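Once you scroll down, you'll see the structures, which are given as structure tokens.
Heads up, the next two complexes both have chain A, just with different partners, chain B and then chain C.
Now for the complex of A and B:
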């Protein structure tokens, strides 16, 4: 499998009044062709910053200070704005969290859809319109001809998110990045959107990065999972490996803290404490303050990522101690 | 558990319409039927979960019970007294609410100590140093410490703020608390902390909860009974085990099947019922059964006749023509 995206040792920082925030610390991962990868983590864990670093839409106080981003065989870390404009929307499609704010209320849905299509393809307006209708049909919006001339406020939340997906897919991107695409939607609508994404993955073989905090969603849609905490990747592996053989205490804690429908009334096991503050230079493991298995070394030195099987690994000192008693 | 079987709260045919689209003269011609003829009761010490999609009226139900909205029709009976028209001030000591958004529900200009002390001020409870002690005690009860009393809300994380909101609700020693999506705004690893705390408080203080949420797995976990709402109607109500193992209404079935399961092999096995379309507007809901536009089993009868909310087995209520036959 060829990798469509490769990220190596990525470091992103933000300058704020309170000090420098290390939002990403040495992130490395890759996405294969036609693969769906879920990035899971709490707010502030760096999932969205990862995506924004890749597509170079970081806010002004954010900067990539180290690392490589290779997309489709080409290094795009130092790509200029012009080059990125050709990539965004064309090779990389994006779906943002809030469908209410990511569409322009002053333009019709058709107008916004066709803008993306016309920008990246040399086709006539009539052809672009045809394509736009096709896309709306693909994402399951009824009577697309009529819908094209409507404004975003005439669409419901689920419909808007579908329109966003249509827009993101209109140029048949090689990679689709969806940042919490269903968080603002209801569960029945969420199920519709997820079904649609799975279908599209099979139909046009797009690679998908699904950023979410919902472990249920990744279990359903993704092939692989990347677990992030405090700006680092603490574990990654195939879906089954992460769910049935987690290596990092954070992943274990996360899996235990969510209630399941088939579970009885037993008490939930939360992870104690609060997510870390990323201000200042990080040293030690970011999870150390909340880790039930923390050792002395965890406070002093940051654990390196270590593979435990093919494509499955975690960044935890426990993996370096020889006789770590079972789970 | 014997004392449990006492109704603490009962609502009968609760209805709340909001007027919309006022014309030039300020009279309005259409109504949002936010809550329409909803009846249920909660026993003392129990938790009733209320679930449904956004706009189904679950929050309005919670707020109308506390008379934060005046009901359009129906009765609210609390501890045997009809409170539909009563003066609420003395009752607010017994009925409290925890809000969804811990960022919006705390006054940024007040210290946490003042926020928790305010309900006592209003209700003239505990004065002077006694009040201070009570505030400290409440802070410790919700897992914060007394040093936090002099801090401001912005110094706290979301989970901690929600704890402050809970401490404020507990300040007047309430018996009944409406929890309006208390965990939706929190991170996954923090949600479990808050839910465990709510359960502990319920056990030690004998609280009764109306727990409103859209996270069905969390609702199942915390509730004794679960009610499902759709477009202002209560469509199914049963014990939480029962509703999850034997959902009767097609909407409940679809809702349950669309929850993503955090278990890949279960998730692969599961057959999903994907509902078509969106929730219709509550201003002009469909005739007959409100769910019929999205229902797979929709029949002619559903269009003509509104299904009755009937008991189909002991303690299991459902409003659907399919099951009432």
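Now for the complex of A and C:
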């Protein structure tokens, strides 16, 4: 299979005053060419750290201690800063969470947009400007020529996020990483941005990783879903499989906490408890403290990831017990 | 924009008027007069001279006279140095002070900005510690102490540079450094804290995610943001350098306007005090105004509102 990105046994740690944090524990996944994958999990589950590990933009106290990252057939786990600079923005585009703070307030949108284009392409300024206008058009920003010379504060939140998307796509990256692109936007704008992402996915053949804590968002855009919890991947599979045949209690809990239109007067079921503290070496399953189906073994030993179908699997001891109801 | 400038001009005139009034009455409230010297003048002669300069008139009349003369930009004649106009004195001595001040501002920016950047980029490492020691020294040790120490060690002991005077560029180094040391340290601090804060901003991560080199990220994206508080400080900086020259010119025997200003106060040379005060005040108001304009140019979020 043609995978654009393959991550194997990735381990990332952070040094803090409180101790060493194991932010990622043995993360393995792959993204196919032109595939859109959603990474879902609550805050602190390691979604963003996974992406920052891949493009090597971890904060100074973070370090990858194990694992393999293969991008476009090349091992980039040990790539130097120069090599990464050629990949970032060029082969991998990124969109960040808060468009209000993700653009430099002192430079025009055009300047910030053309900067990336000029860095990665040998073209003239005029050509870069043409390209920038084209990109703004592509993401649905009206009168792009005028908008180019405006500053971020003259853009609304939604427009800024569109500009960010234009920036991330300006060099036709092979992979687009969108880190909670709609979290900071209000709901109607959220819908517009997701609509745009869906549209772009069909227009340009780019692989997309969509990081979010909103399962509802990914269902619409993505082909596959990866569910993360406590620095591990607890389940992954096709969207339908995750929604209709979840294997991991955490995934089930997530699905139960989504409000539905046809729900009547039933109350939403939140997942009780707090996410785990990742300081120190983790024992057992990270979800054990909050799991309604926890067993003795869950406390002692970490479950291995187990496939249950083609491309669908989870890391849960339940999969290893024989008498499972359901199926 | 035009309206804004006009409004600022009007406010500056108002500030000047208040400064003139306050200095005029404070100056005359000081005991003694131009002619309380070692040798007592015969009363008849003193009366004559006082009449010549209008000092025999009641204070409010003198005040009105001063105001009208100043409005005509006529600063009058020095009372202490017979035959010298205040305008001539400013014209002769200000260029010296101005070149010392300009040199210091250049030193402040050339020294303070890189020092701040180096320390922010190496936060917590030895480079940071070294520059923070320099900064702490700079902020705490007064300029005249720096001046005296520099004179003693560099000029007297090592004989590297002249002790005083302002004739050749060699003479300029010590007073320039002594005058700029405090502000250099201050600017380094401002840049450092600004840089440390800015480097953690989301837009810096965006810039890096675009694949820009570290140099572009730091010098284009971060520095311009980190420099904003420094610009706000440029007005007070100009004021500080100006008043700093009063002391430094004394220490290094530099024939600048600051030294002249101090001696005119001890001589109760009323016209010179008034003239130089107005000149300095106008100069400072102009600097503050220029800083505001620079701000608008650099930060697009700031608009000149009418």
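Just so it is clear, the second predicted complex is superposed on the first by the 325 of 327 C-alpha atoms of A that agree within 3 Å, B and C clash if a C-alpha of one lies under 4 Å from a C-alpha of the other, contacts with A are read in each partner's own complex, and residues count from 1 in each chain.
Keep in mind that, in the parts below, a residue touches a chain if its C-beta (ideal position, glycine included) is under 8 Å from a C-beta of that chain, and two chains touch if they have at least 3 such contacts.
On a predicted model such as this, the values are computed, not experimentally measured, just so you know.
Looking at the shared chain after the overlay, A:190 reaches chain B, while chain C stays out of its contact range. With both structures placed on the common chain, the touch criterion links A:243 to chain B but leaves chain C unconnected.
Judged by the touch definition given at the top, the superposed model places A:96 against chain C, while chain B stays out of reach. Residue contacts after overlaying the shared chain place A:87 against chain C, while chain B stays out of touching range.
In the superposed model, A:269 makes contact with chain B only, not with chain C.
Residue contacts after overlaying the shared chain place A:145 against neither chain B nor chain C. By the touch criterion stated above, A:260 is placed in contact with chain B alone, chain C being left untouched.
Contact with neither chain B nor chain C is seen for A:304 once the two complexes are overlaid on the shared chain. Contacts from chain C toward chain A in the complex involve residues 201-203, 205-214, 216, 220-221, 224-225, 298-301. The touching residues of chain A, counted against chain C in their complex, run 55, 57, 81, 84-90, 93-94, 96-98, 101-108, 115-116, 119-120, 151, 153, 164, 167-168.
In the complex of the two chains, the chain B residues touching chain A come out as 53-54, 157, 159-160, 187-193, 195-196, 199, 214, 216-218, 220-221, 244, 254-267, 272, 274-275, 278-279. Interface of chain A with chain B (complex): residues 42-43, 156, 158-159, 186-192, 194-195, 213-217, 219-220, 239-240, 243-244, 253-255, 257-263, 265, 267-272, 274-275.
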